[in-house]
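Just passing along the structure, written as structure tokens.
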């Protein structure tokens, strides 16, 4: 029984507003296919624009975190939220950025057992607390990050990515968003 | 010991990019003061723009839910996430929209004991599941909404608001966002 | 849909045993109205007498805690137990005792973000552990209180108030006890 | 390493106020020894009086529940709260009342696997919900009791006993109350 | 309503394969009766053989833990898993090995309040973490054991016993395994 | 930072007892490599023998479940237990048995969103309850299986596999068992 792309209507690309269509065509050109999240969320263009703007503001921003480290946060917190789309799609991106074919599955299953540095595990511990119980954050949590060389702005990055994917995971689960088959294999071969 | 507005630097209004400044001045004109979330999140203008765009896309959208009902979702899920800013600020808005001075405190504490219709309680039960455990949503949850006359688009609204405030609550807790004192008393007097 | 005062019969004042009636009239004289808990619990006079005796033994007792600090414990633990009556009624008392119009809502939502001293936060952390998981209390928990100047008798006060409201919250939720409308606004105006 | 009776001072019987002393002597005459809860709580006479009055009002009251069924509620909820004193002391009483040497250990470990009637299991399911999550009680929970012939007053009994031992368990864990050795063996021999 | 020995067919001893029958007869000779786990699991002889081999490999092995300490782990983790058979049967064995009539009930209810050494409580804290959340084990957990003189092999023993009874408890709950009446009273009399 | 195969000594193959060595050589011949679990658990030969006997008794047994369905249970429950080794190794086997390159990642992340039949989802729901909270199993859970055509023996299979991997997951997390790199890619290519 193959699950659909979304339990909501998925718009066709050429029916979308021009700005969204062009944005999606750019992604398609780069990735070789259109990730389902773009079409499925475009069912509501205004929300989709804000979603992708927010994503880019966080994920493309210069930061004390590498692009791979940001994806670690996405994969670890999305797995904790049982979000199939985000684990599969961002797992692919994590493998590619880090050139580490095993890493995404490790981080998704148990980051404490993954091939990571202590600094990266401290980063993920903070992200997981934001994801699971942000209301109990105290200054000691920030102190633990500082002990690994993270700045206050890095803490914002870590927490804000965990927070954005708290939204993203819930949207994907709400609409039953199916990952594109292409993601599952991307980045798994050593070069 | 009075807590600060944010554990991060709070920019001054006249140092902000023009579009954000004008957006904030509009809010100030309408509300009579600048809600702290605007200044505190403007510490990062790109993220702030996306945040407010997203908020407006959801909260100002025509919907099968009234504006008051949308605020019920915000208050109930924000209380479950221990988010002081959102409970206080949106509690004020809920009181005003519904002209119901008692309702926000009821919904924040225990929506099952609040002065609501069975339909509104079903709406909040769905929102709470999205907020707490979206990964376990099944078609039966949607069916329960339909039994109260909610459409699939209404279900998106309910779930998306719960999802957006999953983000918002985590950001507010991450930065220790303090509600403006003004919110606490707004809408508490019967007219 | 307005919820009733109790899902059980609420006795009329002049049908109550004399001692209970006089006790309630005294409260009415002081507060200006009869808090619903008195009439609703008086459905069973023997249990009601013991309930109010227990309450007074703890809350009126001379202590290393101020009367306002005792109410902080009530509000924080009652919110954790989703008890509408206790959050609303004791929130009002907390605002009045502490002359702090914002404090009750802060403590009910997230005491870590409230305008409290570190000592008061340590007091509430101990109370929350008694409320949520008293079975795992160890001497280290008592040690943390002592580090803030609390005596062993203060620890009893903190724990016993949390324990008494563990009872009180469950009774209020069992009978669906509705707070009097008056409580919502009490103590919210600065003097 | 033998644990003490209480981490607080335990008063000697002849130093207690006369009414408490006589109350305790009566218990001693009946049981053959003084249960530790009496002396340990008498460290604070006012609270102790209210505690025992409350206990007696609930447990000695005529009811649709048998005395043994009331003790089942105590044992099941006290075990869920990891309360050594209440499980051991009330387990003894349950064995004696029900003339059932195996029953207390069954109920303390897993009431679903105990030698009970479906009606008694429904009673305990309601009590456990009051004990663990009273805030989520809804009319359906009461309906399930009614389906087994329980009246609304019986529901109050069940819930109020669970609520009183929510208090009692927390007090016992707070002070580290040690059960008398005598309780462990009482009622274990078939007659 | 007396619960049966198992919700699955319980084979008769003389219908079992010879090796299992002889194994069981040996136990019967030693214990004076056949513990229900032997007959109930023998419904599937291959699984039963592996189960008892595994049990013996762990429980009969020379170790830095005494035989009584191993049983403490069984009782504490089985109680956390609400497993009636294991709590009752291994509680009896624990009482006998330790010549401590009160100990099993203490450990089953709340090991923090039991008459144990700090070393034994550290052992049980590690076992409980393996039982409840082995995925979050870190080197600090092993370090805490070492501080009490436990070797790495002792840590394997502690963790492996907790792991084996994670299996055992689930099997017993799956089949509704009833403890033999004999276990309840064994070891309760001081000699 | 690459994690080791085990935090315990890993024996060399030619130092193992003959029966274990031959068993492992057989696996090596079939799989092309020695899965780490064999060497790591062989640190204790008696426990290893019982472990593999138990595994084979369950997983090689004729059953109303296909071999692929058994692996679904392993993957779903191991993911819930954050067990890296079991998710990766049995994920590979699941992909191969079912000739379904996407299925293991789906089941590990959220079986409700996986390409499965309703019958398979009911099987996994039962397995997850055994894994997480076997103590609360009731006849209704068995009834739900029967509604999908599962027999009582099938229910034993489902529950026993979940129970065995409750053990296996805890052992793997206790010793920090690292999956062989080979598993990550196995079965991912469509044929």
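Letters A, B, C, D, E and F mark the chains as written, and numbering starts fresh at 1 in each.
One rule holds for everything that comes next: a residue touches a chain if its C-beta (ideal position, glycine included) is under 8 Å from a C-beta of that chain, and two chains touch if they have at least 3 such contacts.
Predicted model, so just to flag it, every value in this text is computed and none were measured.
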### Summary
Joint neighbours (chain C and chain F) are A, B, D, E
### Query
Farthest chain from chain E, comparing Cα centres?
B
### Task
Determine, using the mean of C-alpha atoms as each chain's centre, which chain is farthest from chain F.
C
### Query
If you average the CA atoms of chain D and of chain E, how many Å lie between those two points?
28
### Summary
CA centroids of chain A and chain D: separation to the nearest Å works out as 51
### Query
So what's the Cα centroid distance for chain B and chain D, whole Å?
43
#### Entry: Sequence positions of chain F contacting 2 or more other chains
82-83, 110, 135-137, 173
### Query
Touch graph of the chains shown: is it line, ring, star, complete or other?
other
### Message
Please list each pair of chains that are touching.
### Response
A-B, A-C, A-E, A-F, B-C, B-D, B-F, C-D, C-E, D-E, D-F, E-F
### Message
Looking at the complex, which residues from chain B come into contact with chain F?
### Response
135-138
### Query
Of all residues in chain C, which touch chain B in the complex?
1-3, 79, 82-84, 87-88, 91, 101-102, 105-106, 108-110, 113-118, 173, 176, 178, 181, 184-185, 188-189
### Query
Which positions of chain C touch chain D when the two form their complex?
7-8, 44, 46-47, 49-51, 53-54, 57-58, 61, 81-83, 130-131, 134-137, 142, 152, 155-156, 159-160, 162-164, 166-171, 173-175
#### Entry: Residue ranges of chain F in contact with chain B within the complex
110, 112
